[in-house]
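Down below is the structure, laid out as structure tokens.
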Amino acid sequence: MTDQHTPSGEAARTGVGDAAVESANLVTARPRPGPRPLLALLLAAAVLASLLALDAPEGLLDRGGLRVAGDMLASALSPELSPAFLAVVAEATLLTLAYAVAGISVALLLGLPGAVLVSGTLAHRTLTRLPLVGGSRGVFATLRAPHELVWGVLFVQVVGFHPLAGILAIGLPYAAIIARVLGERLQDVPQGPLAALRSAGASPAQVLWYARVPAALPDMIGYVLYRFECAVRVSAVLSVIGLGGIGHQLELVLYDLRYEAMWPLLAALVLVIVAIDRLSARLRRAVGA
Amino acid sequence: MSAPPRGRRVGVSTLDRGAHEGLVRPPGQAARPSRRRPGPTLAVVIAVGAVVGSWWFTLAQETTSLPSPAVIGERGARFLSELVGIGVEGPTAYEQASQWLLMAELARDTVVMSALAVGLAGAVTVATVGFASRLLTVGELAPARRGTGRALFTATRGVHVVARAIPELIWALLIVIVLSPGLVAGALALAVHEIGVLGRLSSDVVDNVDHGPLRALRSSGAGTLQAYGYGVLPQVLPQLVTFLLYRWEVVLRATVVVGFVTGAGLGEQLESLRVRLDWDGLGLVLVTYVLLVLVGEAVAAGLRRLAR
Amino acid sequence: MTPRGYTPSCELTGVTLAYGDVTAVADLSLRVAPGETVALVGPSGAGKTSLLRMLAGMLPASSGTVCLQGQPVDGLSRDLPRLVGMMQQRLELVGELAVKHNVQAGALGRWGVLRSLAALLLPLEYPPARAAAERVGLTDKFGVRVARLSGGEQQRVALARLLVQDPAVMLADEPVAALDPALAEDLVALLCALAREGDRTLVASLHTPELARAHFDRLVGLRAGQLTFDLPSDQVGAGDLAALYERASPAPAASSPSGDGLARNAPQGDDARR
């Protein structure tokens, strides 16, 4: 990570929720001087103040809550594994994956051009670049502020309980996040090769294609896959806006108090996430090394 | 080109690659540890296939048909104007001071919920990060009994993976079965997911600390726990504070959604207004929410700068 | 200088240390009397760091015995921190902690877990740590994080930590490798003064024989893992040093043929052997 020492390298880490993909970068980065203890105290004070702001937690435990928790845990010993139910789990998992893939495809379609826009690398003159970059950043910041499911609530009002609402709910905010984070990655590549290409007469588009994209590609792929992982988690709970998938099946079995059937659903979700994690590590290694 | 088998293998899925390699490799030559890359072409083909298949699968499932573009446009325009309070009878939510006060209160609840979640997750992470790091369970600072260390490591990592893989909202669904709905239940649901995320991030940090000072401490007579306190934690905690700030931004954003289920803060309000079709009220909640998230991001960025 | 009939502070007898097919120390014997200050000199790769690390009990010898106060080092694990302490070339301080805590860390071997954690979290003062910091001239930096200090100041922190650990034998691996000449002279003088004040034995590796001759009782020349000379410092001649650093040594870094160009040699210490 050659960009870790530049101030803009720091900016690249401010993307909402890209912490997981950062782990690789942060860990290999120079040992940073720690924050002042003041900051830690400040955070601790904020948490304590939150605790004090709570109302007295009377009746926190639901009546019979503990017994239910016991039932739930006990049911893990005899999970529902009938072929019919496993088929339901498989279909729900596929649907969840499909929503995530379709959502990410929208996010990439809008987000990749957005990244180029945010990076400001195609605009030659400062006079055109500043409003372009600033404006697009502002728009994307607003688009990504609401959670995916809040977007979902809004889309459902317009297109009804149609899969498109779920796909757009993932695609739109993720396009904004991808544009911002990947845009910063494109900015933060080592400057040497860029200058060399420029002095050889390359246009900004050629510099983008021949120097920026190759340098940023491993990070970009890693980030998109991290977003895909997030998208799977979101699409697993699209039941909140009335769409199918793992969350929908989970709500059904919890409603029927069939706790033994909840385990295969949770296991399927964990397996999918772990698989994406592995795939991401492999792809990053393949592209980066 | 002297490697025709390699070309042939493009298009073979990763799963049965091993079998094919066995066929084309000269007998007696051991498998190389470095894995061959599936060609980029293959990756692109798979990705495009997955996208097409996913669109088909989601849309084919649906029995309700999409309204025509004209209807969507008309509905969208009407919905938007209702959100901002155009064409609403009587005073809109935006014009009522009491509504704004309510928003402030709900925003406070939301912040409290997110701070509780991050605080709880941070405390648990500090307490357990040692068990999730190789360094302290099977590495340099491991206990004498290797079996115990390995078991602790596997268990803690397993808990982190599960906690992280399951989204906040599903944790919320499960937690409200046991706890009564409210702020605490929501904070707990958020915290469980965050423990998974933070656990993974910070155990990587622990495993990457500079081992030199640790050895020096050990050789000057420090025990395991002392070496942990003087040699590991000081290197890890600053990093963890930075992670906590990043994750607080994420949690703040997710708190609203968890509020749908556990009934607290802006999320609860958003859900109840949606059910009552009170669109200008919902618009006001959205405005508050976006402002809260943007202010939160700015505050976190400021604190990070302070930390540097 | 070295009287007979005492228990040597450090004693190596026929010690060999081999990593695979590389021999770092070959059949070496050496005794150091209590309270003596000994400088190990020699080109880089001569085995100085390996020798020190064996004395500190951080590396087991492949064969031969290493004894401290007459007892084999490998049987001493509990008492080792009281007998021997080492200032490593890379210092190995915890940059995120204040000088105070780094210096106190020397006392961890004597403290229980609770006390050490309390000392880390509460604003408690440990008088010996304050005294050690004063002695090395860091009084005004006591509360400053080590990462913010200069190289020379960090060296002093490591020295203060060693003082708090208070071992009978102080070892120092290239303590001045990273310092400019004036600072180096100060630090070596301080190191020797501290050893003599506390009646401690000091064994240090140095790449500047002039400094060694000026401050230490005795010089030991090491080359390719073997002793080339072992003399009181006033008896070490230019010829001894020239032979020590002569070209055609197995260590490629030793390149200066003349006695007066010595300071240019081996600036990296024995790092390659780690």
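Order as written gives the chain letters A, B and C; numbering starts at 1 within each chain.
As a working rule, a residue touches a chain if its C-beta (ideal position, glycine included) is under 8 Å from a C-beta of that chain, and two chains touch if they have at least 3 such contacts.
Note that this is a predicted model, so its numbers are computed, not measured.
> Write down the chain pair with more C-beta contact pairs when B-C is set against A-B.
By the number of C-beta pairs in contact, the winner is A-B.
> Of all chains present, which has the mean Cα position farthest from that of chain A?
Using the mean of the C-alpha atoms as each chain's centre, the farthest one from chain A is C.
> Using CA atom averages as chain centres, what separation in Å is found between chain A and chain C?
52
> Roughly how many whole angstrom separate the Cα centroids of chain B and chain C?
Averaging C-alpha atoms per chain gives centres 49 Å apart.
> Where the centres are mean C-alpha positions, what is the separation of chain A from chain B, in Å?
7
> Indicate the residues of chain C shared as contacts by at least two other chains.
95-96
> If I count partner chains per residue in chain B, which residues reach a count of at least 2?
Where chain B meets two or more other chains at a single residue, that happens at 234-235, 237-238.
> So which bits of chain A are touching at least two other chains?
Those would be 31, 33-34.
> Considering only the defined contacts, which chain B positions touch chain C in the complex?
So the residues of chain B in touch with chain C come to 212-213, 215-217, 219-223, 225-227, 229-231, 234-235, 237-238.
> Under the stated contact criterion, what part of chain A meets chain B in this complex?
13-14, 16-17, 19-20, 22-23, 26-28, 31-36, 38-40, 42-44, 46-51, 53-55, 57, 59-62, 65-66, 68-69, 72, 94-95, 97-102, 105, 141-142, 145-147, 149-150, 153-154, 157-164, 166-167, 233-234, 236-237, 240, 244, 247, 250-251, 254, 262, 266, 269-270, 272-274, 282-283, 286
> In their shared complex, at which residues does chain C touch chain B?
For chain C paired with chain B, touching residues are 56-58, 80-82, 85-86, 88, 90-97, 101, 105-106, 108-111, 113, 116-117, 120, 161, 165.
> Note which residues of chain B are touching chain A in the complex, please.
The touching residues are 35, 37-38, 43, 50-51, 53-55, 57-59, 61-62, 64, 66-67, 72, 75-76, 79, 108, 111-113, 115-116, 118-119, 122, 161-162, 164-167, 169-170, 173-174, 176-180, 182-184, 197, 200-201, 204-205, 208, 210, 234-235, 237-239, 241-247, 249-250, 253-254, 256-257, 260-261, 270, 274, 286, 289-290, 293-294, 297, 301, 303-304, 306-308.
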